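Several structures are given next for inspection.
You will see chain A twice below: alongside chain B first, and alongside chain C after that.
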Partner chain A sequence: MTTASDVLSAVQSAFPGAVLESRVESDRRLWATIDSNSIVDVCKHLSEKLNFDHYSGAAGVDWIARKEMEVVEIMASHGAHQVVAMLKSKTPRENPSVKSLANLFWNANWYEREIWEMFGINFEGHPGLYPLLLGDELVGVWPWRKDFKGYPDLTTGQRAVERPTSEGYTEYFIPPTPAEIEAGTVPKEKPKYPSFREREEKEIKSDSEMIMHMGPQHAMLPGPFLLDILIEGERVHKAFLDMGYIHKGIEKIMENRTWLQGLTYTDRMCYVASLSNNECYCGAIEKILGLEVPLRAQYIRVILEELSRIQSHLIGTGEFMTLIAGVGYAPWNFMIIDRESIISLIESVTGARLTHTFVRFGGVRNDLPEGFSDKCRSALKYIESRTKEYIELFEQDPIYHMRMENVGVLSPDRAKRVGISGPPLRATGVAYDMRKEDPILVYPDLDFKVVTGTRGDSADRIDVRLREILESIHIIEQCLDRIPAGPIKTETKVPKKIPAGEAYYRVEDPRGEMGMYVISDGGDKPYRVKVRGPVYATLQTLPPLLEGVYIADAVAIAGSMDGCPSEADR
Partner chain B sequence: MLKRKMLKNWGWPLRIASRGTEVTRLYPEVMMELPAAERGIHELDATTCIGCASCARICPNSCIEMVTYKYGSPLKNKKMQYPQIDYGRCMFCGLCVDECPAECLKMGKKVTMAGWEREDIVRGPDKLAVKKFTAKEAAELAAEAKRIAAEKAAAAAAKKKAAAKEGAPAEGAAKKVAKEGAENKPPKKAVAKEGENKEANAQEPKKEDAKPTEGGAS
Partner chain C sequence: MGISDVIPVPVAVDEEISKWTIFGQPVADVWFTTTEKIHQIIEMGPIKNIFNWGRKNSVYFLMQPMGCCGVEMFVFGAAPYDCTRFGCMPRNTPRQTDVMIISGYITRKYLPVIKNLWEQMVEPKWCVAIGECAISGGPFYDSYNIIQNTADYFPIDVFVPGCPPRPEQFLEALMNLQEKIKQRKDKRGY
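Let's look at the complex of A and B:
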């Protein structure tokens, strides 16, 4: 088995002098600072020679005291080995610029765009550095830098000035106040780039093509994002995706909240999966602290996270059924009714229906209530029988098959290349699941298999989700059998100030690979929290997947991804 | 074949519908049963709140403000400051409850709080309190507190006098006394505690043994 130290020595021998600093945290985590001139070559070497075929994301960090910025590339493998390499490259804070990996890894594109718009780090060789999450008027203020002074108030309508546009429409413009200009919150020079609209209109090649907007408000979308499709007749030629309509800046907010307060924000990244978000955040901090979680608490966490997976899959699938309308509206209602029993179970432990704020550093908030085990078992039995019914229903419905089969097919290779994770990846047959790859809590002791599909189409994605529900039920039943008595929190007192350090922690969110990169500088607040969410990767995959399909299929494909823009726009 | 399968699937909703699963809740006529762990509207035990403002500090949304309230115990809460919660901002995360050292802030099962105005959902201690002193009790407590304060002042004055009398040679001893006092909590506080115990006994006998014993400082 390849371990982190093997990888380190392989890199060191292939690129003598390129590794400036390194730390082998465990067999599965490698931290290294790479000379910024050779970062592209090192990544190329890793992906070609050392099986790092999963580019998982990138994070920007502003080290204002050291007068430098850092870009951290997160590299992993789809099952060949389990090392996650965190490769940092440094750049001075004045005119920060690093080499782009977008030509090497297709999915680096969005991560780099985000770092550029938030930190102002330029990526040399990037095919199109356009803002992704921020509105055009905010580009250039570099909001996630540590010396950012706050957004200029561009939304107060009282100051709005009317002005006509070249097309004859009236536009409202809100000039910044003199005080804001003085405070330096208004960008002095704005980067020049073509707007989203200009970019998509450039692609119209003939008179018979037109652009159709799906969103930002559309019946198909679980939240606001803009999907513009360039169509000729019924065919989609190209798709464009714009995000950021509900960008909340949670990563920045968390820098201004204490460690414990930050927990409540992880809930709100995606309220359907708030338990795994909690887990991810607390897990990262436990890693920095070196905290051991009592066994009972670990079991409680697993039980609740699996319950949360079940309800997320139920709502994801149910919602999808309303989108394709092929099988009618009924399954949605039934799944919501079923989900209610799971939600009540979770509520009886955490006290909240959706935003649980339940996991704590080194434990959990509440113990299981009396009689939980019996209630849980009977609810699970019911869900199991219902899920089997759903699987049967979808399997034998001819309309559903015509609508879904071989629609939006992803091949395993392509799926790996685009960095997608979770059920859409597993539907292609790649058994990539964090619960096996990066086992946390008591998952290694539990018996479960990774559900995979064969075709990688929309029908398979739904099928994988439904069968995962059965697998989760199996996991919970084992946990209920084995859960020991004992404390639910560590004896060690969790300090208000977390010692300086950094950690990257991954969990299997209902939608895929969720990772949090947490840096502490020894203060009572995080220095930086980077969330690598699964939906971000899923949404990035969407435009190329839609090329060449029919309009009606666009809905079937986008819906089967179970994308939650709220989490991508965290 | 195809038709038969489809017919079978159409029968499916009917089958489910006849199972008698609860689908619509008759809110508000019939309230759903909530678990004991429910994180609903807060409940404050004003008789034990010590006014430490831990809850206000931890609240991520800063929705807790400490306000003056009459019907608490001045023995525990000198400034008579109690939490007031703005439910327009509260997200029911429960961190305030976890942080409360006196365990007097809890979350109950009540969840409805519709109002006509913004102020209606800002709930002061009078609305949050599930346990409080009556006006009479509060007055007695206030008198008690006054008496204790006076006693304390007298004791302090006496001590000062004594220290002054003993003069320079006894300085070391005085220091020692002071230090001891700091260790076992100053004697004045112990008196206060005792007085309060008397009062609080009637209210909640359970709490008594949880109190730290005052190592013979009085």
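Let's look at the complex of A and C:
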């Protein structure tokens, strides 16, 4: 089996002198600083020779004291081995610029656009550096740099100036903060790029084509995003996605809150899966601290995360049903009723319906209440019978099959290349699940299957979700049988200041692979938290997937992806 | 203007009708009149109460999830909490709604969108702010991208604190709004 040190020596022998610094954290994590001239070659070598076929994301870090910026590329593999390589390349803080990987990995495009708009790091050879999350006003101020003066901003709304547009709509212009003006950091020249509107209008080739807007307001998706489709008749020729409608700047805010306060923000990243977000953040910090989580706490975490997976899949499937047809309103209601029973179970432990802030560094906040096990078992029995009914219902319905089969098909190779994870990836037949791939907590001891599909179409994605519910029920039942008595928190006192260090921790979110990259500089606040969310990759996949389908199918495909824009926007 | 100017009726009928009044105004005036006049008359009399009774019992709200509270809005609109029994119903387009629920953070990029959604709603309309974010920016109050003073942009009638509030609180909010409409105490004075 390939381990991190094997990878390191392979890279060192292939590119002598390219690895400037390296650290093998464990068999599964490799940290290396690569000479910025050879980063593209190293990544190419990794993906072609060493089975790193999963480009998982990139993070920017502003090291203001060292006067340099860093881009961290996260590379992993789809099951060939379990090593995650964190490759850093450095660039000076004045006119930062690194080589782009977008021509090598298709999905690097969005990650690099985000780093560009937030840090101002230029990517040489990138096909189109346009802002992704920020509105046009904020481009050029580089908000995630450490010396950004526009944060905190307590008067954003008061400074807004209303302007009617030529089309009769209302627009707002929000001038820079007084602090920015005083410090003179308002950029004199903004970067030039075509706006989203101009970019899409450029694609209109003939008179019979037109652009249709879907969104930003969506009635049945848990957040706004703009999906514009270029259509001719009933066919979609091209799709464009605009995000950032609920970009809150969570990563920036977390840098300005204490470690524990930051936990509350992870809840609000993807509110349908707050527990796995909690787990991801706490796991990363436990890794830096080297904390052992007591066994009972590990079981409690697993139980709750699986419960949370069940409710997330139920609401996701319900949303999908309403999206594909008006008559789907009945299944939606049934699924919400079922979900309520799970939610009240979670609530009985955590005290909250959605935003739990339950997982703590080195344990959990409180123990399971009395009688939880029985209540849980009976609720799960009910959910199990219901889920089986749903699966049967979907299997038997010929209209559903005609409507959904072979719609939005992703082949396994393409799915791997575009970097999606979770049910959409597993529906193509790739058994890639963080719970097996990068096991955390007590998952290695538990017996469960990775549910996969065969066709990779919309019907399969829903089917995988529903069968995963059954698998989660199986996991929880095992946990309830085995959960030992004992403490729920570590004996070690968690310090207010986390020692300097960095960690990358991955969990299987209901929507796919979620990773958090946490850097501490020894202070009481994180130096940088980077969230690699599954929905980001899913939404990125959406526009190419919609090319050539019918308009009605566009909705079905977007719905079956179960995207939660809030997590992508952060 | 008399009725006989428009429809051929016997002059006697015309004369008789011109004697009738409604709230002190000649009926003939009301009969062939502008919307404005009708509004004037409605304002004057107890008809308004009947109108508001009708409005109060059909507060359809705009399904517009914008954040965590939006997910609770889903649940609130579905069967378990059965908001329909109070005349609240989720609708998908602003054209069919009476109430806009601001269910989360308003960002710089979303502010014009939500303003346009609000402008697209037909009168009479009301606005309810659900959750800390919709009231003051909530946990993200100091972010560079969040609008804190929602109340300056929308005439919000009911504020519901909570992060997120429970679906029952949504229900309470809409019932408070109904009470306000009934008592004619709402911000826009319907």
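The working rule: the second predicted complex is superposed on the first by the 532 of 570 C-alpha atoms of A that agree within 3 Å, B and C clash if a C-alpha of one lies under 4 Å from a C-alpha of the other, contacts with A are read in each partner's own complex, and residues count from 1 in each chain.
Note that in this section a contact is a pair of C-beta atoms (placed from the backbone, for glycine too) under 8 Å apart; a residue touches a chain by one contact, two chains touch by 3 or more.
What you see is a predicted model, and the numbers here were worked out from it, not measured in a lab.
Chemist: Which holds for A:S5: it touches chain B only (first), chain C only (second), both, or neither?
Modeler: Neither partner.
Chemist: Based on the superposed arrangement, let me know which partner A:I337 touches: chain B (first), chain C (second), both, or neither?
Modeler: both
Chemist: For the overlaid complexes, name the partner, chain B or chain C, with more touching residues on chain A.
Modeler: C
Chemist: Does the superposition put A:N122 against chain B (first), chain C (second), both, or neither?
Modeler: Neither partner.
Chemist: Is A:T355 touching anything from chain B or chain C once the two structures are fitted on A? First, second, both or neither.
Modeler: In the superposition, A:T355 contacts both chain B and chain C.
Chemist: Would you sort A:A160 into first (chain B), second (chain C), both or neither based on which partner it touches?
Modeler: So A:A160 only meets chain C here.
Chemist: After the superposition on A, what does A:R365 contact: first (chain B), second (chain C), both or neither?
Modeler: So A:R365 only meets chain B here.
Chemist: Quick check for you: in the superposed arrangement, does A:P222 touch first (chain B), second (chain C), both or neither?
Modeler: The answer is second: A:P222 touches chain C but not chain B.
Chemist: Which of the two partners, first being chain B and second being chain C, lies in contact with A:L138: first, second, both, or neither?
Modeler: Touch status of A:L138: second partner only.
Chemist: Tell me which partner A:G244 touches in the superposition: chain B (first), chain C (second), both or neither.
Modeler: second
Chemist: Can you give me the overlap between the chain B contact set and the chain C contact set on chain A?
Modeler: 264-265, 267, 333-334, 337, 355
Chemist: Within their complex, state which residues of chain A touch chain B.
Modeler: On the chain A side, the touching residues are 257-258, 260-261, 263-265, 267, 327, 330, 333-334, 337, 344, 347-352, 355, 357, 365-366, 369, 389, 393, 396-399.
Chemist: Which positions of chain B touch chain A when the two form their complex?
Modeler: Going through chain B, the ones touching chain A are 2, 5-6, 8-9, 12-13, 16, 21, 23, 34-39, 58, 60, 91-95, 98, 107.
Chemist: Considering only the defined contacts, which chain A positions touch chain C in the complex?
Modeler: Spelled out, the residues of chain A in touch with chain C are 134-135, 137-138, 143, 148, 150-158, 160, 169-172, 174, 216-224, 244-250, 252-253, 256, 264-265, 267-268, 271-272, 315, 319, 332-334, 336-337, 339-340, 353-355, 566.
Chemist: Touching residues of chain C toward chain A in the complex: what are they?
Modeler: Residue positions touching the partner: 63-68, 70-72, 74-75, 78-80, 90, 92-94, 104-105, 107-113, 115-117, 119, 139-150, 152-153, 163-164, 166.
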